[in-house]
Structures are given as C-alpha cells and as structure tokens.
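Both complexes shown next keep subunit A, but they swap its partner, so subunit B is in the first and subunit C is in the second.
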Partner chain A sequence: MHKTYLQEEIIRMSGVNPSKCMRCGKCSASCPAYDEMEYHPHQFVNMVESGDIEPLLKSESLYKCLSCFACIERCPRGVEPAKLVEAVRLTAIRKQGANHMTANDVPALLDDEMPQQAIVSAFRKYSK
Partner chain B sequence: MKVSYFPGCTLKNKAKDLDTYAYKSAEALGVTLEEIENWQCCGGVFTTAKNEVATKLSSVRALKEAAEKEQPLVTVCSACHNVIKQTNHAMQNEKEFADKVNRYMANETPYAGEAEVVHYLEMLRDMVGFDAVKEKVVNALTGKKIAAYYGCLLLRPSKVMQMDDAENPTIMEDLIAALGATPVVYAKRNECCGGYIAMESPELAKKNSNEVVENAKAAGAEMIITACPLCRYNLMKNGTDIPVVYFTELLAEALGVKEDTNA
Partner chain C sequence: MQRVGVFVCWCGSNIAGTVDVQAVSEALKNEPGVVFSTNYQYMCSQAGQNMIIDAVKEHNLTGIVVCSCSPRMHEATFRKTAAAAGLNPYMVEIANIREQCSWVHKDMMTGTEKAIILGKAAVAKVNLNTPLTPGESPVTKRALVIGGGIAGIQTALDIADAGFEVDIVEKKPTIGGKMAQLDKTFPTLDCAACILTPKMVDVAQNEKIRIFSYSEVTDVKGFVGNFDVTIKKNARFVKEDICTGCGACVEKCPMKKVPNEFNLGMDNRSAIYIPFAQAVPKVATIDPNACNMLKNGKCGLCAKVCAAGAIDYTQKDEYIEEKYGAIVVATGFNPISMEKFDEFAYNQSKDVITSLEFERLTNAAGPTAGKLLRPSDHEHPHTIVFVQCVGSRCDSCAEKGKEYCSKICCMYTAKHAMLTRDKYPDTEVYVFYIDVRTPGKNFDEFYRRAVEEYGVKYVKGMVGKVTPEGKKLKVQASDLIANKQLHIDADLVVLAAAIEPDQTARPLATMLTASMDTNDFFTEAHPKLRPVESPTAGVFLSGACQGPKDIPETVSQAGAAASKVIGLLAKDKLTGNPCVASSNELMCNGCSSCERVCPYGAITYVDKEFRMPDRTTKVRRVASVNPAVCQGCGCCTVACPSGAMDLRGFANNQIMAEVDAICK
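Moving on to the complex of A and B:
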C-alpha cells in the first residue's frame, strides 16, 4: 500500500513498525492514562498503520500520555506504541505557534512543593 | 572509590534531601561523588524521536565528561537516570543520531556511548555491595515495614535500563533488607504516579498516586521510599498518611550520618 509522506515521517522518526502489531490490546490495558484518552495506544498503532493520522494530530490524547513506557515494556510484539504517540505529538507541536503549553501558562499551575522536574518534563512534552 | 556524579535540577532545589543524603551516605561507604562540572538539566523526560538532537545534548556532555575521566556516571534521580541512560544507548546504537550529535558539538574525538551510567542503587548493589552496606549499618531499622516505590523510569524500558526485572524488581527491597527493615512487596510498585500530568490534570495524578499508596498500605507498609522527586511529590500531594521518603535519606539514617540540622 502506498504510504503518505506524513505516515512515512512518523514511522521514520519513531522507528516503529506498526504492521508488527497483532491487535492484542495489551498496550492499552497497561496504559495508566487510558480513561483520559480519546485514542488509546493500540489505536495510535492501527491509525498510523492505516495512514489515518490527522485525527491523532488534533487529539488531546497526545498530551495525556505520561511517558511511563508501560506500553513499550509490555507489548508482546515489541511494537513500542509510546514512540508513535511521541512522534505524532512532536509533529503537532513543531508547527509554529502550536505549543500546547507556554511559559505564561506555568505560574498558574504551580504550587510551593512542585518539583522542577515536573515543569521541565511538561515543557519537553508540550512545547517546542 | 571515585565516581562522576550528575545531580540534576531538582536535587539542587526541591529535592535537596535526595542529594544531601546521597553525598553523606556515599562518604560513609567510602565512595567520593565528583560532581560533573557545569552540568545542565537533563530535561526530565527522554524524547524517543530519533530526529530530536538538541534536547539530548546536555546528557551527552555529562556522559562525555565521565568517559574522559574514565569514571562511571552515577545518577540518583530516576528521571535523570532514565534520560541519560537512554541517550547513551542511542549514542551507542543509532549511528545517524550519534553523527549529528558529534558534529553539532564539534567533538574532536567522537563520543560513542563509552561511559557507563550507573544509578546510585546499582552502585550500592554492584560496586559497594549490599553486604558491605549492611556491615556499615549502625541504626538498623529493625521491624520497620517499608514499601519500595519504583514508578516507571527506573525500570523501563528494561531493554535499555537493565537495572532489574521490570515486572518483578528486587533491588530496593534488597536495600531495605540490608538496612535491617522489612520490605513490603505490593502490586502497584512499578505503576505510574501520573508524573508531569500533575501540572495539567492533577485529578489523574491523584487517582494514580492514590492507588499506589492504598495498595502499599493494604500490604502493610508504614513508609514508602522512592528515588524520584516527582513520584514523591505526587504521592505526598495526594493524601498519603504514611511518610514517603527518599531512599538516600533512609540509607543515611541507617548509616548514622543523618543530621537533623540539614536540608
């Protein structure tokens, strides 16, 4: 099947081969953000495989992934779904003005105990 | 024994205890931590995309300095450890990425992942030895029931991290036992606390963290230990009524080098 440029780019930057997926759903069953996600890890895999990437690019699911690597660890086929989530997220936020979080948003989200680690991590995931 | 040491941003701010007690305990165990000069923040999370270069340079700088000194690079924070170890793995295994990094940094001798990244817990297990730790214990924590909370970043992805069995780890339980306490094993010890989602969706962090704490308590835990400032924050923030402390603090207490004047 002919692949779109976007699809090839996502596959290249993630290093993931979505056609290895056997659709067992273990990645989504392991995902601690499952309830918050519109598209679940196994759907990222299947939708990238079929080239249905636009809905993923627009989805808030990109910002719900916790980078816990559970889906990477537990996939019996070594598909590594979180790497696709990351590739789609970067494709979204690398566009000019498409940051999900900016420095101005931060003060309102802080409390006195919040470790620096939370802020730098969120920034790395949400903005470019 | 001298090792290179990468503390990271949080250990010099909100998680001073993790750092202070790491130094004190290392000293008591005959290990000198030599802090990397002008280290820069690791960024908190590893970006898995192969074409992300700039976000990984701070890790490569630290790795390169340790390699030049021919010392292992010791980390304490789970997040720093994960980022630096995954970056090193990429430098070893992803040629195109490594080439870009070396050109960007204008490295005369290209760096190819020669440094060894060792978490403080691994240093205790593999370089000092838990038996030697046990011999140095002056305040045995006898009778204390302590649950280890691993979270995500110490263990996963295990193909790269190679610290322990990602689904059935023992390294922190073995430390707890070496300090004379009783390790409490519970199902949620390697599930995610919610991490940085605490900023945007505190409710999700609350749900995840609560499940961890409740599960540990149901198994009989009187205290939880962790290596991660964000895990500690999330567990503390979300209603735990048992203490959550850094493993280095517990170690310092058992080794008799914890002074109340500090941190």
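Moving on to the complex of A and C:
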C-alpha cells in the first residue's frame, strides 16, 4: 500500500513499525491515562498504520499521554506505541511553526502534587 | 571414454515454455563423449523411461545425462531406469534445467543459454563417473524411546505391537509425563488419567517393553541400525524389583515438607515418595536432597517399616550400555517460567497461577482434592480471569516470551472456563484473547459451547496489569470491541503460559547429532513429507519435542514415528549411500582436520604400516572413514589440507570438470 508523506515521516521519526502490531490491545490495557484519551494507544498504532493521521494531529490525546512507557514495556511485539504518540505530537508542534512554551515557563506551572514523571514528560513535550 | 546419452525433458510447458529444448539437445550433441541426444515431453513418464532404456541398448551408452527437474524429484527414478537398462545406477547425472533455469528466468534466450551450460557441466561430470556399489550394514532389531510421556508410551506400544523390543528411558520416577498431571482432556472432556493409565499399565505388562525410569541417556555412539547408548540409572535408594509399592515408607517418613513437583509445589510430599497412585513403575524413590538418612545418617525409618526389605541407602548410580537400531526422541515440553512477567504479579500473589497449576487445583488427586479453592486462603473464588498468549507470539527481539503460537492454550483455556462455569455456576469467568485459534475436529464447536451454553465471557483484548490489593486481584484490561478499559476485581487469575521444549532436549540433540531450530524444537527431515524423521538417519521424532502439539496430534505422530521405526527394524540389512568420503592413505598426513569437522563422527584415525621406497616399513597415522556413518556432506574434502579426502560420486576432479565446462 502506498504510504503518505506524513505517515512515512511519523514512522521514520518514531522508528516504529506499526505493521508489527498483532492487535492484542495490551498497550491500551496497560495505559494509566486511557480514560482521558480520545484515541487509545492501540488506535494510535492502527491509525498510523492505515494513514489516518489527521484526526490524531487534532486530538487532545496527544497531550494526555503521560509518556510513562508502560505500553512500550509490555507490548509483546515490540511495537512501542508511546514513541508513535510522541512522533505525532512533534509533528503537530512543528506544524504550527513555534513552541507554545519554553522550558523556562514550566516551573511556574508546577504544583506539589504533580508526579515527577509528568514533569519530565512535560519538558519533553513542550521544550522541543 | 564414456558413451553418453543426453535426454532433455520438456516437463510439459514447465521447461519448454522458457527453454528451447530442441536447441539444448542439439547443442549437447557436440559435447565430448555424447553419442546420442534427444528431447521428450515427459522424461519421467513410462514412455520417457523406455526411451532411455532403448537408447542405452541401441547406442551402447555407458553414461546418462537427464536435463530435467531437480535431482530431489526424479534422480531416484532415472537411477532405477539406468539399472533396468543394465547400467550402474550411479552413471546417471541430472542437469536441473527447471528449478535453476526455466522457473527463474523469464527470457527464452537466457533460459536456453543457461540450460545448455548446465547440460555441458553434467556431461563433463558423467564422463568421470565410476560405477558405485552401496555398502550394507546389519540392523539391531531393538528400539530406544527417550521420554515416557504419552508420545513415548504410544510409540513404544506400537513398536512392541509389531514384535520388536523397546526400551523407554524416562528421567522422572514414573512414566506418564504431562498428561498424567492433566484433569480433563478437550474436546470430549474425558478424564486424562482414565485414558492414560490403561496405556501405562499396557506398557508395564508388555513383555517387549522395558522401562528405565529415573534414568537418562548420557552417551550415544554409532549410526542408523547400530547405535550404542549409555543409560544412567540414577540411584533411587530402593530396589526396584523388590519394592511392592505398598506406600508404608511414604506414610512413616518423618520428612514431609518437600515441595511436591507433581502438584507443581502447591502441596508437600515426603522425602521417600511415589509421585501418584497409578505410577508406573509403582516403586518408591528417595529424594537424596531431602532424606535425613542420606544427608546425615540419622533416621532409617523407611528401612524399618519396609516389609519387603527394598530400601538400600548404599545404592549407587548405575551405567548400562545397550544396542539399538533406532532411537525415538519424545522429550516433550514444559510451560515457560512466569518470573519475568511482572505485570501479571505471578511472584506477588499465590492466586495468580499458570494453567497447569489450575489443572492440579481441579484434579481429584490434586492439593485441594478437586475443589477449586484459592491457593492463598483456600476460599472459593467467584471472579476468575483467564489470560491467553502469556509469552506466546512475542516479537523475536523481546526479552521474554516465545515467537511461536503455543497451539494448545486456546483449547485448554476454553476447557477450564467451561468446566468452572459448569461446576460452579456462581462464578464469573472472563477469558482475554488476542485470537481464538481452534482448528481441529470438534474444537471450534467446543469453544462456542463455552461461550453460548456456559456463559463464559470472552473479551477481545489483553490484560495489562494485575495488582494484588487486599484479598482481591485488581485486573486492568482492554476490551477492544467495546473500545473500553476494564477494571475487574478478580479472585483468581490464570495465565496460559507459553510452552517450550524440555531442557534435556538440547544436550540430547548434541549427542544424537540431530538438528534443532532456534527454539530448541527438533527439526524434521521435511516439514511436510517427512514430519516424524530427524535428518539424522535412524533418529525419529514423537510429540511436542518437534513443536507444540495437543494429545490427539501427539498420539498420531507417535504412531507415525513407530511405523517408521518398524519399517527400519523390519530390514535385515541397510543399504548405505555409496556417495561417501574416502581417504587416500598415501596422501593423508594424519592431521585430524577431517575428524574435527565431521558432523557425524564418521572419521577415525588408525595406525597403519606402510612400505617405504627403501623397503623399510613405517607406521603412520591415517584417516579412515566408516562408510555406514558417513552422510556424504563433503566437509572433510574441503578441510583436508593435503587433498587426500575425496567424495565418491562428487570427486574433486568431477567438480572441477563441471566448473571448467561452465567457464569454457
């Protein structure tokens, strides 16, 4: 099947081969942010594989992923869904032409209850 | 000089469609030695073969070249044709102009050119062919079966039924294998013991079968028809021929806290034990790692209570040497370790169990006498979650798990779920599946019954995490059809662990020089047409050692392996392959290179007396090939630095002549 430019970009950026997925759903079973997400990890893999990327670019799900990497850790096929989410996220950020936040803006937004991992993840998400 | 006849086959349009067969037969007419050349539609047909026979007689041919399909297909046919025409069958050469020519080229010009070149090479080779006669070796009419599970039992019974003696070597104290640990068997739900134990008794009572239990194979020498095998009988500290299996010792043994491997460590046994009531042989065995008498000389109770006087604390391991004509490998499988699968909390909670443990939990002879109780608190579980494909179908680079489908899990999980709902209607049973794979007679009907009649909840999705919390197991899973994440408070989680070959398989394969795949399953000689034979002559495969299998498949394969063994043992003599290596003793410098590379152990070194030019004699060490063991692989001819090793039928000068013909 012919791949779109966008699809190839995301596959190349993430280093993920979505056709390795065997549709077991262990990624979505492991995801702690599942209920927050419009598109769930297994849908990300499936939609990138079929080239249906526009809805992902517009979805809030991109920013709900905690980057905890549980899906990467548990995927029996080594597909690494979180890397796909990150690649789509980067595409969205780059597309709009500018960073929305610099690393310096982050500390002011922190509160005590925020988990350490979310902060690390936020730096990764927004400081590109 | 040979008188060579060339026969070019059209193979219908298979060859003639891409190769100008007329041009090939014309071109080869001018090759040295060729006195006759023709082409025909189907050389392998009776008419084609008669054409060869007639030509041999008419033109006094001494060599034949057939330009046709791969020699794997019809070399044997044309050798027989040659023999029928009065020629030595090894005066035939095949030029493969189908697989190597017409099937791989699209262009008629290229195809024809290559066909002519391959034909020339075959003519050049046949000019140097010499008549060969295969050697013969005797057959020891006895078989060895390694492994005493259902595969080994069935193979042994079938071989014995044909009148040949069979020995079974089993590493555990009893035969029966994994099937003895099962409760019910799919898809008919008959009790495993009810159908297995009569076969075990048959083995015990059969005069042709000997059981070496608590024993292992430690060395294999020899070759097809003539194997020399060393069997180590581990000391069980009980005289097998005297013990009556009364069990008085087991009852009186004060050391009762040894994890019982038959129940997968879910209860305890004594230091002296009989694995289960129907064990064969029904003889006690002392576990030397647990017995106080053996460890520090303090106890001796079992010897006191044994009325037969069968206890012998001084027993030593015994080595027995036996001769066999054929060896059947039936080493079976084990579930993989769940240690690495942290997400399922197998190490954290006793209530996360494997499917084999579930079998024991529901078996009347198991640790709970057949009542389904949670291992942690012995309470009745209400919500049970089954997880399929744990460690199966994983990526090849994954650190844990296996790449293949374990094949039996879909069916046994359906069985467990169905039986649970049948016996305990108050339970809620979930099965998380990726795909339900039920190819087999009455298999899919069985799985559908579990869903439709017994109300088992099959969920398309996977469990991501199990967290023990109080008395419950919090199961987080995905339901891909509903596109939801599920959170279930379960009482019991059952993992369908992948299966892998037994750990003894690899060292055994080394002893037998039998090949294995990357997963340590034994490789068959041909995946479709020779599924029960190892590529190593005289070694046969039975059961799950060759790949994941259920009981019906194992039993059919066991019977197939037995029939192959019977076919071998029924022969008085075996005709060998004459295309074997031989060493030119005058050129051999005794360096041992060939001995080291020989994968079959066919080469030994002998000291031989040679007359020197000055009439003195000198003893030199030279290579000697056992033609019955040599498989003609040619490793030694390549390794030999002095060019003393040569392969009959594929001699160095023949290969060089082929190369010259191609490059000319």
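Quick notes on this structure:
One rule holds in what follows: the second predicted complex is superposed on the first by the 98 of 128 C-alpha atoms of A that agree within 3 Å, B and C clash if a C-alpha of one lies under 4 Å from a C-alpha of the other, contacts with A are read in each partner's own complex, and residues count from 1 in each chain.
Everything below uses one rule, namely that a residue touches a chain if its C-beta (ideal position, glycine included) is under 8 Å from a C-beta of that chain, and two chains touch if they have at least 3 such contacts.
Values in this document were obtained by computation on a predicted structure and should not be read as measured data.
With both structures placed on the common chain, the touch criterion links A:Leu90 to subunit B but leaves subunit C unconnected.
Of the two partner chains placed by the overlay, only subunit C lies in contact with A:Lys26; subunit B stays clear of it. By the touch criterion defined above, A:Gly15 lies against subunit B but remains apart from subunit C after alignment on the C-alpha atoms of chain A.
When the two structures are aligned on the shared chain, A:Glu36 is found in touch with subunit B, with no touch to subunit C. Using the contact criterion defined above for the overlaid structures, shared-chain residue A:Lys3 touches neither subunit B nor subunit C, since it reaches no partner. More residues of subunit A lie in touch with B than with the remaining chain of the pair subunit B and subunit C. Residue contacts after overlaying the shared chain place A:Ile72 against subunit B, while subunit C stays out of touching range. Within the superposed three-chain model, A:Lys64 lies in touch with subunit B and out of touch with subunit C [touch as defined at top].
By the touch criterion stated above, A:Ala118 is placed in contact with subunit B alone, subunit C being left untouched. Judged by the document's definition of touching, subunit A residues 70 lie at the interface with subunit B and also at the interface with subunit C.
Residue ranges of subunit A in contact with subunit B, taken from their complex: 12-15, 32-33, 36, 63-64, 66-70, 72-73, 80, 82-83, 86-87, 90, 101, 106, 109-110, 113-126. Every residue of subunit B that touches subunit A in the complex is listed here, in rising order: 8-10, 13-15, 41, 43-52, 55, 77, 79, 152-153, 155-158, 166-167, 191-192, 194-201, 204, 208, 228-230, 232-233, 236-237. Residues of subunit A that touch subunit C in their complex: 20, 22-31, 34-35, 40, 42-43, 70, 74-78. Subunit C meets subunit A in the complex at residues 343, 389, 393-395, 397-398, 401, 434, 460-465, 476-480, 483, 485.
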